[in-house]
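Next up: some structures, all given as structure tokens.
Each of the two complexes below includes subunit A, the first together with subunit B, the second together with subunit C.
Take a look at the complex of A and B:
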């Protein structure tokens, strides 16, 4: 079927490609100005300690030092945070993790600044450390903030689990555990802060969410928002990771710039980046399902504990997505879900690609496989039997009144991978040193922010008098391709080719606050705004065309760079001529597109609501080869099927899927940011292992398009869906190969071979105690049990 | 990284001269793949001088002379893994060099650096120990050639004096009937530090009886050595998986005997046995 679109859905050169492949793109570290100072941070000596005294006098006297600052020098708000304001620009009385900043130095060179750091004397009183979230929940645990370490408790309540379990023929109960994960963006944190000409400060840097960072800088420095200008340099990756850690760096660099009156550059080393930056939450997940012998699920009781680390950060929102999606896309009338986030002295945890879904998807999909085993069905059958369809009501009571594409993505992915045939064959293969397995995982995912908060975004479309076009937006491109997506949409509406478009990096003083670029909302929110902005300009251009040609505007159109008569296709003027004419007539060539998402709702106490205005659906199938004598697992083939509504940029969508699967391979097999007693065990990529190109399998993509009225041209999202189900598919494939199911990730050599991990440091003290195997892993008949 | 003197050398004489001058406070730069990481690691003390030997052309190259194979210590892992001489006469050394890091690291890293750094996970060392390689060291005053089996004292420590430069690695080629194998296990498929490795040599006579066996595990023992206890089990026997598995278990026993039970033993004990068996099987496959 020929596409109804010219640009939408096609493969086009990315608008940011030239700069990146020629090396002209300017990343934060590339910005340098005359007279700039180097800013450096003295970090905590203990993960948890009271600061008794800081003596900066020696450091101040060192020649070349321009300023040595501590928390008392922060003129305004000493804390920031998007939900709970408890993260300190500089630690005031207490350090809560090793990444905390205690003092700042600005000096003429990095060398002088580093020497000054060694001259700052801090007296500490070490406090007891809590590094395990389940330990931290106990009443006698050391407290990180206030009276309790439990700072989030989200609930979902549906039906009555007691009556649900009473109907069950059997119960499956499991404990799952996931790990800290580092974002591993290739560009570490960096900013250049310059004092503003009229006061205030201008900060250029590798910042993901410029508007929220700007609010914190303004509050910390007591400056109006109009005098805090944050400019996005080209970002070398973020994956959700350049939010609070950049806010912190912006506040610190801004403070140093204002105090010294000079530009201040701050750049983290990789080690500093890993030490200070937030991670993906480790979860402990307790899943208990009651089911019938036919495979129907009648009760789900779910309890999840998330390690929030030292600060609240995005934990309240991350865990809220978890509570909404904790049952997976499966029918169940009786649900009780509780998700807690807990403070510890570990790295704080926040947004990372997936945002609370990779952890629950691992648990849900493992449970689904176990259910299938128990009732003698295959992983595909059990999912097709239980999955949501149009009109289904979710655990939060939301009726899905859009096209629910779950069965379609499941079946299409299975067909491409030849899933059922391979699954049966591998399962009955005789023992061998190397065994193959195939595994499947699916998900549904709420699009954009949902009931987390206000969801709106703006894009400015500005046509120049020569027919070239400038786009700018509050939605940030971090490498994910948001600029390309928005450009495809604007080009489609304007009837022009993509090469006319230049996209400007975000500048908070020149574009409207569009909220954070998170939650896979770039295309659906930014794209909708781009569409509206382009439509405004298009209407103006057609009016100009009507005045110029005498043909009514309603009979005109713009196609392939020409103004045409819709009925005949006759070319009346080139796009450049039309733009010049529009300017000559004094008509606007600019449009601000503004898009606000449809309504969502959430009842916190009742644990019910219309959580998200629409959902996307995906299926991943992984094929592995397991060395059963060493535990080494290679992913040898991969099929990733996603319902995207409508593909906007084909290359962009496929790129997201390839990258998402690669990250998922890391999550499933390799990555583990180990923290022992508050101390990270690896601070660079020599020990923190991410997949290399040799570890990533060939990936086949299946794009399912069921246009959704909520998105521009029907488009929804792909960034996080692409990442969130790779790991469970891999673990499922390992089971198919070996008959052994892992309840903890990553599936390291030791876990695959021995069934458990080995810790270099031995038992981690009172922290990280593992429950004995037999108390947590059991399938038991419901008879003779009190439920 | 703290400031240091950089001394670029064009000759061995210049290098040993510089080492003498800085008596114990100099480090040698060859490929730099280990040294540079070490220098920039926070909290490590920098040497006064870095003696760069990377441009000394006489320290490069692979030659087969009078029945001895001589490798210049600046020979890169890439050169080693592609060398026809090495592939023919010590296939497992080429394989080990090709298993190191990534193409970029193999292009810079040198066999001399791999030996001198003496990390227990060094990939080229197990084959060199199996080959009974001899190492030539030069100082300002003298030259000495010593066997590799007395060279390493403990992880990261060798018998090399502060004023000595490694100038040559030599060994007799394997017998034409010998078969070699190198097996490496890492956590990922590239850029991976050996979790365990095994270098093996087997010679069988026309009747298929094993007449010679050499087994050297890597990343397993405090100091590399041939595991004679396992090797002798093979002599006079015919190749079989059962035999090789038994030899593997013996190697694991020897490892546990030497290292005691450590955090990693639960994993390494069974897996080393498997890798030994596979390396021996590798020597029997065509």
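Take a look at the complex of A and C:
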């Protein structure tokens, strides 16, 4: 079927790619100005300690040092935070995790700044550390902030679980555990802060959510928002990760710039980045399901404890998504879910791709598999039997009145992967050193922010007099392709080719506050705003065309870069001529598109409401080969099916799926940011392992398109859905291969072989400096043999 | 514990060494400290910021450049080691505004997402194709296994390198 669109749904070169293949793209560390100072941070010596005294006098006297600052030098708000303001720009009297900043130095060079850091003397009184969230819930645990470490308790209540369990033929009860995960954006954090010409500051850097960071900088420095200009440099990945850690860096660099009157550059090393930045929450998940012998689920009781680390950050929102989605896309009349977030002395945890869904999906999908096993069905059958369809009512009481594509994605993925046949064959395969298995997982996901808060975004479409186009938006591109998506949509509406479009990086002083670029809202929110902005300009261009040609505007259209007569297709003027004419007639060539999402609602006590205005649906199928002698698992094939509403950029959607699966393979098999007693054990890529090109399997994508009226051209979202079910599919495949069910991830060699993780106990890898030299042997692959 | 000993943070003052080198086919005579890395020399002395700093321990591959045609992590090469030798960085791949076949293929296959690993990956790929014009998919994956990418899952990168190889073979026929 020929598409009704010219650009939407096609494969186009990304608007941001040319600069990235030529080296011209400027990432944060690539910005330098004359006379800039280097800013450095002195970080906490203990995960939990009282700061008794800070003596900066020696550091201040070091030649080349321009400023040495501590918490007392922050003129305005000393704390920031999106929900709860309890994260300090610089630790004031207590350090709460090892990434806390205690003092700042600005100096003429990195060398001088680093030397100055060694001259700052801090007297600490170490305090007891709490590193286990379940320990932290106990009344006698050391307290991180105030009276209790429990800072979030979300509930969902539906029906009556007691009567539900009374109807059950059997009950399945399991505890699951997930790990800390590092975002591992390849670009470490960096900013350049310059004193503003009329006061204030201008900060250019690797910032994901510029408007929330700007609010915090303004409050910390007591400057009006119009004098705090945050400019996004080309962002080298974020995945939810360059939010609060950048807010803190912006506040610190901005403060140094104002105090010294000089530009100040700050760059994190990889070690500093991993030490300071927030992670994906580890969850402890207690699932108890009651079911009938036919596979019907009659009760779900769920209790989840999230390790929030030292600060509130996004935990209240992350865990809210968890409580909404904790039952999965499955019918159940009786539900009781409680999700807690708890302070500890670990790295704080916040937004990371998935945002509270990868953890619960691992538990839900493992439970589904166990249920299937118990009633003698296969993983596909049990899901098709229980899953939501149009008109279903979720655990939060929301009626799904859109096209619910779950059965479709399940069945299409299973057909492509030949799931049921392989599942049966692998299950009954005879013992062998290497065994194959296939596993399946599915999910539903609320699109955008939902009832978390206000959800609106703006895009400016500006046509130039030569027919070239500039777009700018408050929705940021971190590499996920938001600019490309918005450009596809604007090009479709304007009837032009993509190569006419130039997209500007976000600048808080030049585009409207569009909220954070999170929750997979780039396409549905930014795209809707781009569509409206382009429609405003298009109407103006058609009016100009009508005046120029005498043909009524209603009979005109723009297609393939030409103004045409709709009825005959006759070309009346080129797009460039039309743009010039529009300018000549004094008509606007600019449009601000503004889009506000449909209404959502939430009743906190009852845990009921219209949580999200629409949902997406996905299914992942993983095929693995497990070495039963070592426990090593290789993913050898992967099918990822997603309902996206409408594809906007084919390469963009597929790219998000490929990348999401790769990150899910890391989550399922490799990645574990270990923290022992508040001390992170891996601070660089020699020990924190993310998938390489040798670890990622071939991936086949299945795109299901059921246009949703809530999105531009029917499009919804893909960024996070692509990442949230790979790990459970892999774990399910390991069960199919070995008969062993893992309840903790990652599925490391030890867990697969022994059923539990091994703790090395001692210092590891690059932290082994204190060992005698002859006992340290570090071997890495060397490619530059010629040296 | 956290501040790695770099050229700047090293307290000893060392005598500078004069080196002659060719970077992207232009010869330079430069002064470098004995402990300066090639990465710092490229970024700070020559202003070639297309070469990226990702981990500084040779794990992520973002700083990959060609040294006499062989891909190396420039964070692990000392500047004086390039005396008398040739360096190619991402800025040297295109001929003016004319992109190389690899660069074009990366655009056509959307192999570029955030773009931070792209320069290093392009140079690993160039090393491969210069020495092996018809690589298998496995050989492509091995060649870029030292370039960490968090965005793409490598699929579109592998496709792009494969297509560039094809195009380069066709134009050589």
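The criterion applied here is as follows: the second predicted complex is superposed on the first by the 761 of 787 C-alpha atoms of A that agree within 3 Å, B and C clash if a C-alpha of one lies under 4 Å from a C-alpha of the other, contacts with A are read in each partner's own complex, and residues count from 1 in each chain.
Assume a residue touches a chain if its C-beta (ideal position, glycine included) is under 8 Å from a C-beta of that chain, and two chains touch if they have at least 3 such contacts.
Because the structure is a prediction, the values reported are computed rather than measured.
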Touched partner set for A:629, first subunit B, second subunit C, both or neither: first
Subunit B versus subunit C as contact partner of A:758, first or second or both or neither: first
Which of subunit B and subunit C A:585 touches, first, second, both or neither: neither
Which of subunit B and subunit C A:163 touches, first, second, both or neither: neither
Between subunit B and subunit C, more extensive residue contact with subunit A: C
First, second, both or neither for A:693, with subunit B first and subunit C second: both
Contacts of A:237 with subunit B and subunit C, given as first, second, both or neither: second
Touched partner set for A:661, first subunit B, second subunit C, both or neither: second
Partner chain in contact with A:43 - subunit B first, subunit C second, else both or neither: second
First, second, both or neither for A:750, with subunit B first and subunit C second: first
Touching both subunit C and subunit B, counted on subunit A across the two superposed complexes: 271, 686, 691-694
Complex contacts: residues of subunit C adjacent to subunit A: 2-4, 6, 8-11, 48-60, 62, 67-68, 70-73, 76-77, 81, 89-91, 93-94, 99, 103, 106-110, 112-119, 122, 140-142, 144-158
Subunit A contact footprint on subunit B (complex, rising order): 37, 42, 102, 185, 187-192, 195, 263-264, 266-267, 270-271, 274-275
In the complex, subunit A residues that touch subunit B: 271, 629-632, 634, 669-670, 686, 689, 691-695, 748-750, 753-754, 758-762
Subunit A to subunit C touching residues, read off their complex: 11, 13-14, 16-27, 29-30, 43, 109-111, 114-115, 117, 183-188, 234-239, 269-272, 275, 478-481, 651-652, 654-655, 657-663, 683-686, 690-694, 696, 698-699, 766, 780-781, 783-784, 786-787
